[in-house]
């Protein structure tokens, strides 16, 4: 039994390692969409400033995607820290989640190029939704398969779920705003993200 | 002797680390084959949807390759967890296996571009075959060099081997289907993969 | 309480892991800006030597960026080693710092292409400045939130801060030299970096 | 003192982690030079086979570079395993070594494109030479700064050095063969590498 737990512990370590690796590569690949201006366009300092200013929307999209991956990295880390062991099914649920992480550079490039089209916005949102489903699915399975400590407080257990579901509801509301305008959608999604990153002390926001 | 084991333990950790790193980069690089549509082709939301729909085969190939790498990552993890120490030869056998992992983005790009040609299918299958040979070779060597615990149950020992050989027989059968059609081959390979991922409760499949 | 520390320890490990991953990918991606000469230009060994010699400025910029990332990697490592636990806010402060790390390949490509323009130099310097602010902010927060051992010597605490601030003052002085010439700026920045890497035994430099 | 060793231990872990990360990314990036044939050239299975066959030299160069990085990864791992602590200077010596690792994808692309020119061969060899100097320098420093156990057998100490110097002498001999022909050089270098990987039981080769 001691040996079993030891193996399971190694499994958790390896799951964390492949996961950190994929997040690290994904987060760094995002920058490949920030292209430096073509040398033929630049004949003075002011040309360069002007061309760099035109990258602002791409930089904003990049920040947004980094926030997205950061939020899900923190969420995954919290989950893995609560587990006492892993099994094969959990590994595959996490790999499914990581697959959605690897799609993020594609979704980011798409919305960076076609920010005015709903298709790009909805694909981006679908990527966030899949990440949420992946995280929630892995957590539900971990509870079901008793991969958490027996004395895990109900408040923790419920807290993890509620946090994912509330966030996804807000992202869905943001995506729905694309009926008006894709820029409204993106702005709303970034606000939701900043709320989770900064975790303001304002009462009702804090409960989200 | 205590010191020797300590060094050997560090070797296993480092082997696992380089291995997780290569799998993580390989899995994330696969997405670089999903190219967003050229901006000049897109003048409306429906243009964008249509162009994204055309990416479906590439996405399918991407999912297949992610499954392939995921299956071999789980296989390698299971093996490393069963070892109690590593040596220089094992390190090189694993590096050979990892070389085949780094080839997967190339094979994936090949089959994504030339899905209708047998050459692409056979190269892809050869990559899977080499991964299997690498994994089996490393395992056989580990048994031979007594890198596993002395009390490793025969059922575990045989189980690891049988699992690899059965899977490779099924992949070979899938590859052989390219006599009919490469799409049949790919479909069969994906079914085999899903069988290993989902591990269904249906009797005869479960024994595979 | 024992359990709490255990979780916190895992947090520090994971923070170190994602951080090492992002630094590793960032440092390796820098090389993608070193393009081999176009095959059509090369008809003899001397053609190849001449074209490779033209890469010298790009190689110099590459070395400089590797030094920059190396210096901040050492700085981050020193900080993480002094911490006894992590929390959610620290994780986000470190992710902000890592975001600036992922921007370095872009800044490097920019200055490699437009070395004669102040805009490129100032963006590069802004990237270094943001890295410094990120590191200092994370450290100040760690002190404030008592993530360091209670008996951390004041000399260590002050030493970490002074080191970052002195370095940033020197980098700012280097950036200011672009009023004269961007090459003077770059030269000065590289000298500052070498001072930190080699840590010479010469009295007044040693105190920096 | 216990605390000091604990910090030092963490330093070694982090040094190993950034190092494994850079090796993993470098080894995987090598494959980006294997380009799939242009779709416009392929109209049949035999077109595809023919175009893939033309990739054989690139694949051979890729294998050679993977062997190079594998050999130096094993060498670095052996060194790090012998150390009991790290310091700031050792970290920078290892970062210098890792810089040479990140150059390997460039050198590989160069020799893959210009295999017939001595310039490409000599740059590739210079990269191997720098890797050897980096590894030897880090080891000499570790001995000098007493980062190894006091009871490290002289035979181990001398063995690490002799192994690096012998290998570099053989690589230099290989490079010198480019006076005759660059293909002879490459062939000889690959033979030296295979000797280190396979470590044959043949008497005089075994002593290398």
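Order as written gives the chain letters A, B, C and D; numbering starts at 1 within each chain.
We adopt the following convention: contacts are C-beta pairs under 8 Å (C-beta built on N, C-alpha and C of every residue); 3 or more make two chains touch, one makes a residue touch a chain.
Since this is a predicted model, take the numbers as computed values, not measurements.
Student: Using the contact definition stated above, find the chains touching both chain A and chain D.
Tutor: Of all the chains present, those in contact with both chain A and chain D are B, C.
Student: Of all the other chains, whose mean CA position lies farthest from chain B?
Tutor: Most remote chain from chain B, centroid-wise, comes out as C.
Student: Roughly how far apart in rotation are chain B and chain C when fitted on CA atoms, stated in degrees to the nearest 5?
Tutor: Nearest-5 rotation angle for the superposition: 180 degrees.
Student: Can you check whether chain C and chain D touch via the same residue numbers (shared by over half) or via different ones?
Tutor: different
Student: Please work out the Cα centroid separation of chain B and chain C, and write it as a whole number of Å.
Tutor: Distance between chain centres: 36 Å.
Student: Would you kindly tell me how far, in whole Å, the mean C-alpha position of chain B lies from that of chain A?
Tutor: 25
Student: Which chain D residues sit where two or more other chains touch them?
Tutor: In chain D, 17, 20-21, 24-25, 29 touch at least two other chains.
Student: Considering the complex alone, what residue numbers of chain B touch chain D?
Tutor: On the chain B side, the touching residues are 7, 10-11, 14, 17-18, 20-22, 24-26, 29, 88-89, 91-92, 95, 98-99, 102-103, 105-106, 109-110, 113-114, 117-120, 123.
Student: Across the complex, what residues on chain D touch chain B?
Tutor: Touching chain B: residues 16-17, 20-21, 23-25, 27-32, 34, 36, 39, 42, 44-45, 48-49, 52, 63, 66, 70, 73-74, 77, 80-81, 197-199 of chain D.
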